[in-house]
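So, here come the structures, one by one.
Here subunit A shows up in two complexes: once beside subunit B, once beside subunit C.
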Partner chain A sequence: MTTAILKRGSLAPALLGLGTLLTVIGLVEMLIRVGVINRYIVPLPSQIVMSFGRLVTEEDIFGRFRLTFFEALSAGALIAVVGVSIGILLYRVNVLRLACETWIAALASAPTVLMYPLFLVIFGRSAATIIMMGFVAGLPPVILKTLEGLSQTRRVLINVGRSFKLGPMQMFIKILFPAALPTIFVGLRLGLIFTLINVVGIEFLIQFGGLGQLINDLSERYDLPGTYGAICFVILVSVLFFIAMERVERWLRPAE
Partner chain B sequence: MVEAGRITQGAVLQARAQPVTQVRVVIILVTLVGWELLAQSGLLYRDVVPSLGKIGMATVTLLSDRDYYWNLGVTAAEIAAGLAIGGISGLLVGIVLGGSRLLGRAFEPYIYYLGPTPKIIFFPVMIMWFGVGSGSKIAMGVISCFFPIALSVAAGMRQIDKVLIRVGRSFRANAWQMVTKIYLPAMRHPVINGVRLGLGVALIGTLLAETRLSNQGIGFLIYQAYTLFDMPRMYAMLIVLFVIAIGANAIVGWLGGLHTSNATDR
Partner chain C sequence: MAVATTRPADVVPATAPAFLVVDDVVKQFATPDGTITAVDHVSFTVTPGEFLSVIGPSGCGKSTLFNIIGGLIDGYDGNITVAGERVAGPHASIGMVFQEESTFPWRTVIENVAFPLEIAGVKKAKRIERARHFIALVGLTGFENRYPTELSGGMRQRVAIARTLASEPKILLMDEPFASLDEQTRLLLGDKVLQIQQELQQTTLLITHNITEAVQLSDRILVMTYRPGRVKRIVEIDLPRPRSSDIVSSEAFGRYVAQIWSDLREEASRGMHEAEALALKAGEHG
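Our next item is the complex of A and B:
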C-alpha cells in the first residue's frame, strides 16, 4: 500500500510530512526550554540526538542489535521451515486442512505473547524463550499463506505439468511451489514482522537479550535521553526491516 | 427439483463434515492424552506440565473466584478506555488522511511504518507520562489500537463511492453530517475491521503492560501466578483469556458482517 503511496507521491507531500515532523520536534524543544513541558519527563530532542553517540560507545547498541537480529533470524528460520512444512502437509491432506485451518486462524488472533511467563518456566530466562515466543507469534501467517498460495495455483499451470507427465514430486518442485512462492513470502513477511515485534517485546519484558533489554536498562537508570534514543533506534531498525521486506516482496511479485 | 438438489447438497456437505469432525476429535484426544502422559512421566520439572485434572480444577476455582472477575473488570475497563480514545482519534485521523490526497501522501507513510513497531517499548515513557496506575495501561491500549484503526479508516475513506460524497455535498451537508450520514455508513466494513484489529492489539498492549508493572488486572494475575509458580492457575488463566480474546474478536467481526475475516491481516 505504502509503496503505491510513495510511487504516486511527488516531492511536495514528502516535504510537507518531513517539514511537519521537524517543526513538531523544534516546537517540543522550545516548549521544554521555556518550561511548559517538564524536562524530567520529556528530554530535549537535542539531548536525544546527542545520546546516540553514547549509546554506540557505552551501551554497545550495535552488539545488542546483532543479538536481537540473531534471535529474530533464528525464530524466522524456524517459522519458515516449520510453517511452510505444515502448510504443505495441510495442502496435501485435505481432511486435515478442513479440520485445522480455522484453528490456526483462531490461533493467529489469540494473544499468544501473553504465554511468555509459561515459556519462562519451560525455557528459563534465556534466548530460547525469546526465540520460541517469536516462533509461536510468527507461525500462523506462514502456514495460512503457504496453504493459500498452493491452493491458488492456476489450473493451466497444473495442466501443463500433467501434459508433461510430471510425477507428484516433480509437480510440486517445478509447478506448485514456484507458483505459490510470492504468496508464501507474504506469509513470511507477516510472520517475520510478528516475530520481530515479539522478540523485542519479550527482551524488554524479561530483561534479557538485545535492544529490548537496553530500553529497560536505560529506563531503570532513569537515563531519559538514552531511553528515548534507544526507542528511536528500535523504531528505525523496525522501519528499515519493514521496508526491506516490502522490497523483496515487490521483487517477487513484479507483475503487481 | 430444487428441493432435491438442496437435499443432495446437504447430504454431500454432511458426508464431508463427518471425517473432518472425526479428525478433530482424534487431534484433541491425542493432544490431551499426550499432555497427560507427559504430566505423569516426570520428564519435565514437576508441575511445569500439570495434569489435566489439576488444570480443570484450577479453571473451576478461577471461574468461581470473585477476585478474578474484579481484575477482569479492571482490565476490561482499561481496554475499553484505550479502544475508545485510540479508536476515536484513529477514526478522525483516518478520515482526514483518507479525505485529502496531499495529507494522506504526507503523513500516512509514517503511520504505516510506525504501526507494526513493538509498542511495549513505549511503556517506560508511558509510565513517566501517566504514572504506574491504570493511566499508563490505557495509554498502551491507545497507542496500540490507534494505528490499525487510522490506516483502515483512511483506506476505507478512499474506497467510498464518489457519487455518495457528491450527494452529501449537493444536500449542503456540513462536516459532522458528512461524517455521520455519508462517510461512516459507507465505510462500515473497514471501520469494523479496524476496530477488530485494534481490539486485538489493544488487548495485547494493555495486558503486557499489566504483566510488566501493575497490582491489578488479568496481566498482573498471570505474572503473579508465574512468580508463585502456580502453574495450573496460569494455564487456567491463559485458557480463559484465549477464549475471551478469540470470542471478542469473532463477535466484533460478526457485528461488522466480516464472516470471511482473514486472520493474517492483523
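Our next item is the complex of A and C:
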C-alpha cells in the first residue's frame, strides 16, 4: 500500500486520513474525560489500546482472529465462485433471469441471520454453520451485480467483437467479462460486508470460536475496553479483506 | 480546380470492377406505430482503393446501412457482396470503425491494436510487431503502453482505427468516427485518415453527416434522402490527391460543399419538421 501511495507521488491523502482518525480518537478521549460521554458506556480509547496486550496474552486474540479470518475467507471465496457463476448463468438464460432476479433481490434485503437455527441443525455447532451463513448473506449482491455488469456491457464493445467474428466463448472471455469486472467487484465488496457481519454475528450468537464469541464473552464480563479492543480486530479483518480485494482488482484491471 | 460533376443515383461507375456491391437493399423495422422503412432500394458500388462517403441527415438510415453492410443486422431485402461473396453476418473482408468510443478500457493501446491478431491466433511476438506498425501508422508511437483512459477522444478513435486496420480488412467501413470530436481535431484526423488511405490504398466507406469531412476525404459522395433513406445523388469529388486539410480553403472545395448542402438542405429541413411534429404530438398526448 505504501508503495502504491509513493507511486502516486503523494503521502498527503494517507497522512490526512491517519490524522483525521487520530484527531477523532483524541476528541472522544477528551469528551469522555470531561464527562460529556459516559465512560461506563464508551471506554477511554487509551484504555482500549491498553487492553490489546491483555487480549493477546489472556484471550488468544490471534488464534480467534485467524479463525474469523478463515471463516470469512472461505465464505468470501464461495460467494465469489458461486455468485459470479450464478450471475453468468442468469445472464445467459433469460427465462431463468426473469424467474429468479426478483427473488434474489428480495433475498438480498432479507434478514437471513434469523435462519441460523436451521443451519445449526444442518451443519451442527461448527465453523461450517458460520461459513454457510456468511455465504448465504453475501451471495445475492454478487449475483445481482454480476448480472448487472454483464447486461450493461456497452453495445458498441459487443459489436466490435461481432465485427471480428468472435465466438460466444471468446466474446465472454475477451469482452463481456472484462467489461463487467468493475461492477462485479462492487458486488463482491458488498457481499463481503454482509458475509463478515454474518460471520461475526453468528460466532456471537452460537458462541463458537472466533472474534464474535470473544466479543460476547468480554461484554458478558462487562470488560468494555476488551470488547472494543476485540471489535478493533474485526475492523482489521475487514481492512485486510478490502486491501486484498483492491489488489486483486488492480491486478485484473490495471487501468482502473 | 475541377468542377463538380454529378450523376443520377442509379448509375454505377464502369471504370473499375466493383469490390463492394450494394444491390437494391431494403430494410424495414416493425414499430408500435407501424412499419418504418429505414433503407429503401439503395444500390451503389465501391471500387478497390476508392473512398466513398455516404452522407445524409439524421434519421436517413445511414447507421442502419452501416450495420447491414458490416453484417451486424440481418433480415434485409436485396443483396450485398464483397469480391463476389455474399455478405451474411460479419465478414472477414470488412473492418468496422464505430461512432461511439469503442476501445477496450482494460487493455493498453498495443493490446487493443493487437486484439484482432490475438483472436486470429497470431503468435505474441508477431502480433506485437504488427500492432506497433499500425500504431505508428496512426501516429501514436510512444503511447503503446497507455490505457485508453489516459488518451484524448481523438487518440482513442485512432486506436480504434489502428485496431481495425490490424485485421487487414479489404474494406474499411467507418460510421461517423469523428462525430464526437471538435472541428480542429476532426480536420487533423481527416488528414491522418487520408494519409493512411493513400499509404495502404485502403478501400474505404465512410458514413457521415458532416459535409466538410465527406468532401475532404472522398472520391465520391452518396447523398441520401431523409426517411425512407434512398440514394438521392452521387457526387464525384474531383479534387487533386494527395489532399490535406488545407484543401478546405479552396474555391472548388467550397463549391462541392455548397452543392451537397443544396441537396441535403431539403432533406434535413424535412427531417427537422417531422421531428418537431412528432415532439408536438407527443406533447399533446402527454
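We adopt the following convention: the second predicted complex is superposed on the first by the 177 of 256 C-alpha atoms of A that agree within 3 Å, B and C clash if a C-alpha of one lies under 4 Å from a C-alpha of the other, contacts with A are read in each partner's own complex, and residues count from 1 in each chain.
Here is the rule we go by: a residue touches a chain if its C-beta (ideal position, glycine included) is under 8 Å from a C-beta of that chain, and two chains touch if they have at least 3 such contacts.
Computed from a predicted structure; not experimentally measured.
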Subunit B versus subunit C as contact partner of A:228, first or second or both or neither: first
Partner chain in contact with A:170 - subunit B first, subunit C second, else both or neither: second
Partner chain(s) touched by A:35 [first = subunit B, second = subunit C, both, neither]: neither
Contacts of A:178 with subunit B and subunit C, given as first, second, both or neither: second
Which of subunit B and subunit C A:204 touches, first, second, both or neither: first
Touched partner set for A:157, first subunit B, second subunit C, both or neither: second
More subunit A residues in contact - subunit B or subunit C: B
Residues of subunit A defined as touching subunit C within the complex: 154, 156-157, 159-160, 162-166, 170, 174-175, 178-179, 181, 253-256
Contact footprint of subunit A on subunit C as seen in their complex: 70-72, 89-90, 92, 94-96, 98-102, 104-108, 115-116, 119, 147-149, 164, 167
Subunit A-touching residues of subunit B, taken from the complex the two chains share: 16, 19-20, 23-24, 27, 44, 48, 102-110, 112-114, 116-118, 120-125, 127-129, 155, 200, 203-204, 207-208, 211-212, 219, 222-223, 225-226, 229, 231, 234-235, 238, 241-242, 245-246, 249, 262-264, 266
Interface residues, subunit A side, partner subunit B - complex: 1-2, 5-6, 8-10, 12-14, 16-17, 20-21, 41, 95-96, 98-100, 104-106, 108-111, 113-118, 120-122, 140-141, 144-145, 187, 190, 193-194, 196-198, 200-201, 204-205, 212, 215-216, 219, 224, 227-228, 231, 234-235, 238-239, 242-243
